[in-house]
Every structure is written in C-alpha cells, then in structure tokens.
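There are two complexes below, and they share subunit A, which is joined by subunit B in the first and by subunit C in the second.
Then we have the complex of A and B:
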C-alpha cells in the first residue's frame, strides 16, 4: 500500500483573487485582475430585428463579434456585458428571451504584452488572430469561458461563479 | 567492445569535463555528451538486461529507437525517472543513473538463468504454460512473473515537479530539425507564415550532426532560422501524436538536461499545436540485421557507431567489423577510418558492391568479405570476435574484434504520417513502406520520404547460417527478447496476420514500439509464409511516438488544479460552522454540521428534530436551474415533461417528471411559472447539465419551430431552503412585497418580492414534508441573505442542516431521489408516480415507450417502504431482497434496498426499496440476507410520516 501525503493546498482551498496578480509569461508582462461588476444578460431570438427593436439598440451581426457591450455568441444568442446599474429590459409576449444572469458569472481582466501567451496556455483559439472587437464562447482547459478582446493585449474573461477560483489560479499559475 | 575517446573530433566541448555516476561508479564525460556516449567513451559495454531472458545488453542505437539501454535517472527524492533511453539523456554535472531489470547487479543477474533455458520459453510461453491449474495464476504465477518482469520502478510519492502546457497555432509546423526540416521551415517562413520547428534533440541538425562535412552548411542554415522572427524553434521537443485536422501534441523537456540545482520552473511543457500544414522531416532509422549473436553487447547499428565517432568523438572499439547489407555501412566504415577508428573488416551479404566503395575500402586497408555473413559472435558481456562464413554456410573463419556494426538498410519514420492516416506504399528497392497519399494537409520531406542518398542495399531476412534458425540467438526485437525463431514458431502455429504475430510473440510491443524490429519481423514472416510482405499487413502506428511522462500529459491539471471543485456561495459559512462535506457531481455540499463532538448519526438526528419541531436552514444552491422563456415555453415543457403544464397559472409551481425517450425516469424537479412566457425550472444537482443538454437537443433537432429559449441559471441564484413549522415566522420580518399568509401564498406557489432588501423569487415548496420555502436570491447576495435569515431564526433555534438530513427527511415522506431510488430502468408507474403522468396529453418524451407491454407487465419492480422487525436494525443500501431465504442457491432476488436511514422523528429505522410487484406485497414480510444473518422486514407504502400532508399546508 502506497501512502500519498495529502496536499498542502487542495482544490477546495482555492479562492478567486481580489487583487491583481502580475508577472510575466515567456518574459512578457501580464496582469490578471478581477473585472468591474457588470450587468449580464442572456439575449435570445431567432430574428435579430425583433431583439434589436425590443432593446432599442443595434446588435452585432457577425457571430463572434461584439458591439457596445453585446456579443453575438451564436445564430440565436447574444450576451450583454453592460455597466453596473444598467436596467434589465422588461419585455414579454415577444419571440425572444431576456434573462438576467448578472450574478451567474464573474469577470477577469487579462492585460499586458503577455496576455495572449497567458490565455493560450489553456485556450485552444488562435488568439493572435482574435482582434479587439471579437468575442466568443470558448474553454480554458475543461472550463467554459467567454473571451472578449477589448483592446490590443487586453481581454475580458467571463466564467461561471463556481469555476472562478479554479480558473483564476489556473491562469495565475502561468504568470510568474 | 572497449570504447574510448578519440583524441579529437566530435561536437563535445573538451574544455568542460562533467562528472557523473552509473550504477554507483563515477565516470567523466564532456559537455555535449549523452549518457550513452560518455559511457561508451569510458569503456562501458553493458547497459541493461533484456525483459524476458535478462540477457546482457549494450547500446544498439544513438536515437529514440534505442531498445536496450534503458536507465533510471535519479534527480533526488521523488524525482527518479525510469525507462529513459541512455542516448537521449544529456549529460550534466552530477548526473546519477542506474541500470534496470537486473538483480543483484548488472554483471551478475539471477534471472538470466532464464536465458540458459530459453528453449523452454518460446513465444506464447506464458499463455501456454501458466494456464493450469487455474487457481495457481493469482497466487503463484502472476506474483512471480511480476517480480521478475517489468522495467524501472514506478514512483511511490507525489511528483514534486510542475508542468506547463500551452496551445500554439502556426501556418506551417515542421517536425524534425535536420537539414531537410530546416530548409522546409526557412522556405515556409519566406512566405510570411508563422512557422514552428520542433526537434527532439539538444541541438538542431539531425543526421548532419554526424557528418562534419555538413556542419558549416548547418551553421549557416540555423543562423537563418534564428534570424527569422516568424519561426519558433523548439528543441528537446518530441511530437508524440498527430490528431485530427493537423492537431499535433508535443512535449518539451525544459529542465531534465540541467543539473537539479540549476533546474528552475516547470519540468516539461505540453504543446498542443494546430497547424495549417504539417511538414514531417523525421528522417529514417537504420535496421539491424538478424543473425546469430546479434545482441551481444558491442553489436550496434552502423549509424550509431558513426554518430558516436563523428558527433561525440568516441570510438566504439579498437577493432571494428561492419556487417553490411547496404552501401551506407561502407560509407560509415570510411568515415570511421577518417575519424581514426580502426575498421578491421567489412562483411557484406552481397557479392557485388559499388566499385567506388570497394576501392576506397581496400585503399583504407580494410579486409573485405563479400557474399558472406557473420554466423556467430563471441563474448557475453562484450564482443570478443566474430565468425564469418562465405554465403553463411560455407567455410568459416574467425575475426578478432571488439565491436560489430550492422548496416541493414533504412526505415523512414512514418509514425506520425501513419497516425494522420496517410497511406503507405511498399517499396521493394528500399524494403520498407514509404509515405503515399496524405489525408491531412501534410507532406514528408527528406529521408522520411525515402529521398536519401545513402546508396542501395539488399533486403534481408535472417542472415544465412548453417545452424537452423531455431538454434540461433538471432534477435529481432531486442527489448522484448523476440528471436527469429519466435516469429517462425508463430507462423507454424497458424498465425498469418502481422497483428496476430505481433501479439503472440510480443514483437514490437516494448517501449520502443518496434522502431528497429517491425520490418525485420515482417520479412521473416513473409519468408516463412512464402507470401509477399504486403499481404501480411502492417501493425498500426499509435501515439505516443516515444514514451511520455504523465506529468507532461497532465499539464496544469495537477494537485489543487487537478479539476475544479464547485462550491456554493454559502460554502465558506458552512466551513466556519464546522460542516462536514461530501461531493455531489463536481459540487461539494455540506453533509452535516456536527456540534460538540457529535458523530454523523447524532448530528443528523438533531438536525432532523429541529426541522420537524421548529426550523432548519439548508443550502440548496447547487440545484440545477433553467430559465425557459418565450411564447412557446408552456408548450415546450408540456412536450418534455410527463405532466401537463399549459394550464399552470403564473405564480404556481408544479412537480415535473422527465423521462428519456425509452420511458425511464431521468430527472425531476419543481418548476414555477413566473409569467405566461417564463418558467423557472429546477433539476437535480447532478442532472443539471444533462437535462439542459437533452432539452436543447430536442429544441434544436425536433422542435426548432418553437419560439422558446433555455438559459442555465444554476449559478445565478443562491437557494436557501428554510423548512419547518416556524419557517414563516423566521422570514416574516425580512420579506417585503409578499403576503406570506397561507391563503395568499399557498403550498406550491411562487412570489417575487424582497428579502433582507434583496430581490427574491420566493418559492413555497417542501422536500421535507414541513412548511417550507426555497428562497432564490442572486448568488452575489446569497451569503448576506443567508446570514440575515440565520440571525432572524435565532429565537426559533434555527438549525443548519446538510444533505444527509435532507435525505432522511425526504425518505420519511417517500420523496424519491432520482439516481438513488431509481436506476435508469424505472418508469413513473414503477415509482408510484402515475399521478404525475398526463393521461390526456397527446405526447411527451417517453410516452410511446410507456405503452410497450414490457413497461406495464406484472412483476416489474415497484417502489415501496420497508420497516425492519427490529426497529433499530439498519438495512444496507444496495442489499438484495428475497421472499424465501432458505430457497436453494441461487436464491431468487426480487429487488433491492435503495435508501435506508435512522429516523429520529420515528424513533426507528426506515428504508425504501424497489421489489417485484412491490405494491401487491404491502403487509407481507420479506427477507434481506446479509453475510452473518437474515433481516426480516415488512413491506409498507413508501410513506412513513404525515401521510395526509397536513403539515405542508399550515
């Protein structure tokens, strides 16, 4: 019988960081930090026009792009990341779905010349070709995330709340 | 063999001497050496013992194909890596290596007695011999075989190293950094492409490293490589797997080539590369020749002898004999002479060789034996001489020598090409398979494509000998000890396909995966069968190309990051309260809250009493939740669930039962209609992803006409279950905007308002049989609301409870837990849930299956309660139920216990079970046989407490 010593820090001990974690990946500086609070909405409709009219604003047309805080994730799916305090549109009786998921996820900001290197440690996308204006649902290793390219070398990462501690430490692990 | 360091030459840095140890003895080498080259330079001949016969073995090759020289490298406690190929170990100061598979020592090994009796250990020996008596296998044969076989030792402690991983993208990936690979990379880089060039060695150059004439070319090419800013060069990196759509896995060694004290950061890095095009430039591996005595230490590949001399400045012996079937052996002989190595003779199986080679060899003073073969090798731990016979069977004479180099021709490395499903074409001239048509965007360049300039050769099987093959020690697979006679035997015993021959003889199944043996085995089988090689088949190439560490494959998934453990927002509070946790799916949940040294039973009993008598608080946040929104929401749920949903009024809740298409229960949960076009669904904790996936599947593939959308809200809401007769009193002062009176807010209703100032969806539901609420608040506010309720509950002795108490309370009421009381073969009827099936509904998922005769036949298992005759006797969950314990074995079993608990409320044990025709047996006594006794129990309805439900509606 082989006895393996317990871990000094186990999976249940992990907590999401509250202050920026800074360092470098491949010698390029990068910081991981908690993002500002946002209002999050899951927006669904078959017809972009219906949704656009109901919200009273334009929506991004191409899947995988974002426009003023709303990303198009799929043919009938958009996701909004709006400033804290933004109202949740009250719509009913129309062929669309608006669901407030503000508390479902938390956001991280990954920023710096090493941001792409930090993210591709676990994200299979070709982030060198993921310019600002792109946004998509993807994974970091086994965990589903949304990745928004906000500016050159600055990414916003959305992750469901209970996966956040694991994701924070998994990204931070490579920033030394 | 008595190797020594040549006075000059090679790429080693003679100004930097390095000390190292092998099997406890101290040696010296130079920077740039490998463990293998430094040991050969020190005169070491014996590197290891073979797997089966424990035969003494020396170095065969200088590349990854090395089958013999497997060592354990010791980098300190918990850092011993077994089965590393000595020619792949870069020398560093203080390196500690040990040989393997020997006892008590490398020179004297007890098990090598196997070798003396090797005639008794033919192919298939284990299968044939150790079958009888059957009982001896576990106790005798297997333990003994396990002790004797095997290679290095597995680690027994945690790996203290960490490992990195990354994805990478490029337009062109070049695998192999020889000249062909470098040229391909430079060419691709000119087009502006992102290029990644990977090579398994310490330095780029491949075979050119053993050809000083090419070094200046190599230097110029590598300078261009490093000058290009769009080429990433990864050395010490092995592309081990080629997966769909040009996805290549590679592992990079980061610290193993450094002294442990200098090693910093991750040990290895996993590269997951997606490439537009893959260029394979992996070169070719030389084939050994199969002849009697070809495994005596000191017999090695000619390419290895050449590499040792020209790359490392090491002579393999003082008198070298070349056994050739290919021109390349002659070229190697001439190169060795030029490097200062004495070549005593060239023996070639061919009678005619190119005149320029023969002339040059004669001019160099080498004795030539054309049309001849080595028929025996003298020496056990090192070559002392060879016997050469004309035609193999003619007059024999002996040649004194201390090293034999084999030049059997070349086998292109088509491993990755084949993993990528590229076709292979047999080439008679080369006696091997060459790449044919690609399946992926992939091409092969250089020697790997058969484009080489090593001359030509004869294709051989076993070299001719007057001894019959069955009496020769002519090895094919050196690591697994497969001899030519084993292949012969396999064919004689009826095996025809190379896949079968491989498994019977274990040829090609060692850690080197047959890199040097597969083609020779094919030729021998072909010869014995009298059929062309192409009719015998070819074994499948599978990843990994070379053995990889688990650490490299795991990457980040180690220790605390092994996998995410999901915790609710109440988890920290529960931890502070001393909760004991359990894992449910990938969540961890508080199981019970022991106080003052209570065990689980005592804590659960106290928690149960608190809920029944006053009020308990429970974290139900992990329940799956789905928001179903759209004009067709009710229609959609009506099709998914068994019961009717269209008439449900906003503000009301309903229990929903979900079947699979086969009619069996897959999930359940209470759901609420928030508005005409909006429902709030709940699922079981473990079932959430499955249910969402199933519903999406139906929506997208069957009913894409419906205007309804599903959104997972599991993590949006923290759910606080407040259960017990005082539950309303606790929240009365906290709730705003909701009339809590029973008339205004009945059981199975939902209201929206605030609690502790936080917006809430307040459900009046109960999984305990008590008055109860499930308070949904945004997860970000969950902890705050929980604490507000906990404070408000103090006057009532509010008691936190965990999943164990929840299980007991629901069992007292006979509420099922899908997956515990059901097993994937239970219908609503089986579980007594017919009331939840809409009889008038035209359809729902599973309805058609419920109409099958099997689903309603007599004798199906039905859900019932069990009360043991001894009220303190606790049945074991999973225990089988019988009607007559005295019936002859096998006793017919009518069902099993699904849930069993002590009920503090009832002062006795209770159990739930599924048994054949259960409902018709209510009142009967059944038996539960255990190892030491038979337990008697009475069948009851699955309801032990408040059957009228009066407590719910208070």
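Then we have the complex of A and C:
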C-alpha cells in the first residue's frame, strides 16, 4: 500500500492574510494589507467615445494609465475599480460590453517607503519610472497581476482570487 | 532579460510578459477547399525557418493582450522593429548586431 505523506503546509498558508503584514525591505518599511472591497467592471469597446458616452465619464486615453478608478489595459479593454455599492451601468443595445467581475479578483495594498523594493523582487517592470497614474497588467513571479500606482509609495495589486494566497505569501516573504 | 517594445503600449516591456506566436504574414487561404493537399500542407506546416531577420508574431499576453508583429534576428535574438497587426513588414530593415 502506498503511504501518502500529510501536506507539509498549514491552513494559514492556503489563505491570504486578513491583517496587515508589516516589516521592511532593504531597511525601508513597507506594509502589505488586504484592500477594501471594490466593485470591479470589465469594460470592452472598440470605440472609446461610445464607451465614454455610455458611462457618462472620461476614460484614460493612454494604455497603461488610470483615471478616477478606471485603467486602460489595452486598445479595447478597460478595468474599473469602483467604491463598493457602485451600480453596474445599464448599457444594453450598444456596441460595447460591461461585465461585473467583482468576484474574480481580490486586491492588496503595498504601502510604504519600501513598496517599490517589495514589488521589484517579483515584478520585472521598471517600477522606478512607474509614476502615480500608471496602471497595467503585468506579472509577479509567475502570477498575472494588475499593478496600479496610487501614490509614489503606495501600490494596488489586483490578482485573480485563486492565485491570491500564493501571491500574498510571496510578497510577504520578502517583507521581514 | 530582453526588453520588447510593444507597439500598442508604446513602451519597452520585459520579455516574460510576452508569448511567441510563430511566423508572421501567413494569410489563411480564402477558399481552403479549392487547395490541393500539398498547397494546404504548405499553408499549415511549411515555414521559412529564416537564419537572420525573421518576421514573427508575438503577443503581449500579460500586458495589453494584443498580437503584434516583430522583425527579430534569429541569430542574435535582437528585436529590430515591432509593428501593429495588419501593418506591412517594414521594407528596409538592416541588421544592427550579432553574427551575420
């Protein structure tokens, strides 16, 4: 009979933290914490004008930037991070798509003077030149994330729910 | 790490965000059923396998998620130019690095 060894990890390794994980990277303090709940929308349209008019608000023009909670990820793709309780706009009958993907992802906040140092361990972007106002899809180690630069020392990380525990521990491991 | 210029994001991005998509500018026949078996084989399987400047498809999978085309030197692995899908291969690209 084959012996199956018990898992060498505990239950806490299979969940994201619920309290901020604080420490330092290269002597610079940084904290990793769960972000507050948001409404997430995936917005697709070929014509930015149609989408902008349907939502009744301006959209970021350059790919890789954000404006008031909406990031432009690609030529025809935007991602919205709106306050909890925000309604999903009704836009039926128009050549665009607005999908509520709130449950797809979770968010982390990486904040502090060492925020860039904590992220640069796994993210190959040029974060020294990733100014507030930028937001893009990228990778951390092997996991796809969205990285939003909210302030010079504060970043919002969006990650698909099932990758979140791994990503949490991966970022937290570097913060000692 | 190689930096690849994404023509949609308009900036140099790390190689790990991209995936390779094979040779570029291979148009699907408009009427596949009119092709002979060997012509169909040529469309499906026969590639130029260039030594030197090679036009190929790449996808910015972990970025804007778009396919685009690149001219890359298969000897030196240097990206000479990248351009959007649908645009013609730039006429004159001269090799700038690596062994010929």
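One rule holds for everything that comes next: the second predicted complex is superposed on the first by the 164 of 176 C-alpha atoms of A that agree within 3 Å, B and C clash if a C-alpha of one lies under 4 Å from a C-alpha of the other, contacts with A are read in each partner's own complex, and residues count from 1 in each chain.
By our rule, contacts are C-beta pairs under 8 Å (C-beta built on N, C-alpha and C of every residue); 3 or more make two chains touch, one makes a residue touch a chain.
As the structure is a prediction and not an experimental result, all values here were calculated from the model.
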Which superposed partner A:124 touches (first subunit B, second subunit C, both, neither): both
Contacts of A:162 with subunit B and subunit C, given as first, second, both or neither: first
If touched residues of subunit A are counted for subunit B and for subunit C, the larger one: B
First (subunit B), second (subunit C), both or neither touched by A:176: first
Subunit B versus subunit C as contact partner of A:74, first or second or both or neither: second
Partner chain(s) touched by A:99 [first = subunit B, second = subunit C, both, neither]: first
Partner chain(s) touched by A:63 [first = subunit B, second = subunit C, both, neither]: second
First (subunit B), second (subunit C), both or neither touched by A:154: neither
Residues on subunit A lying within both footprints (that of subunit B and that of subunit C): 124-125
For the subunit B and subunit A complex, residues of the former touching the latter: 156-158, 164-169, 194, 265, 272, 274, 555-557, 559-569, 581, 587-588, 627, 629-631, 675-678, 707-709, 711-717, 778-781
Subunit B-touching residues of subunit A, taken from the complex the two chains share: 2, 4-5, 7, 9-14, 42, 44-46, 76, 92-105, 117, 120-126, 128-129, 141-143, 160-163, 165-167, 169-170, 173-174, 176
Of all residues in subunit C, those that touch subunit A in their complex: 1, 8-11, 13-14, 16-17, 62-66
Subunit A residues within the subunit C interface of the complex: 62-64, 73-75, 77, 124-125, 136-139, 144
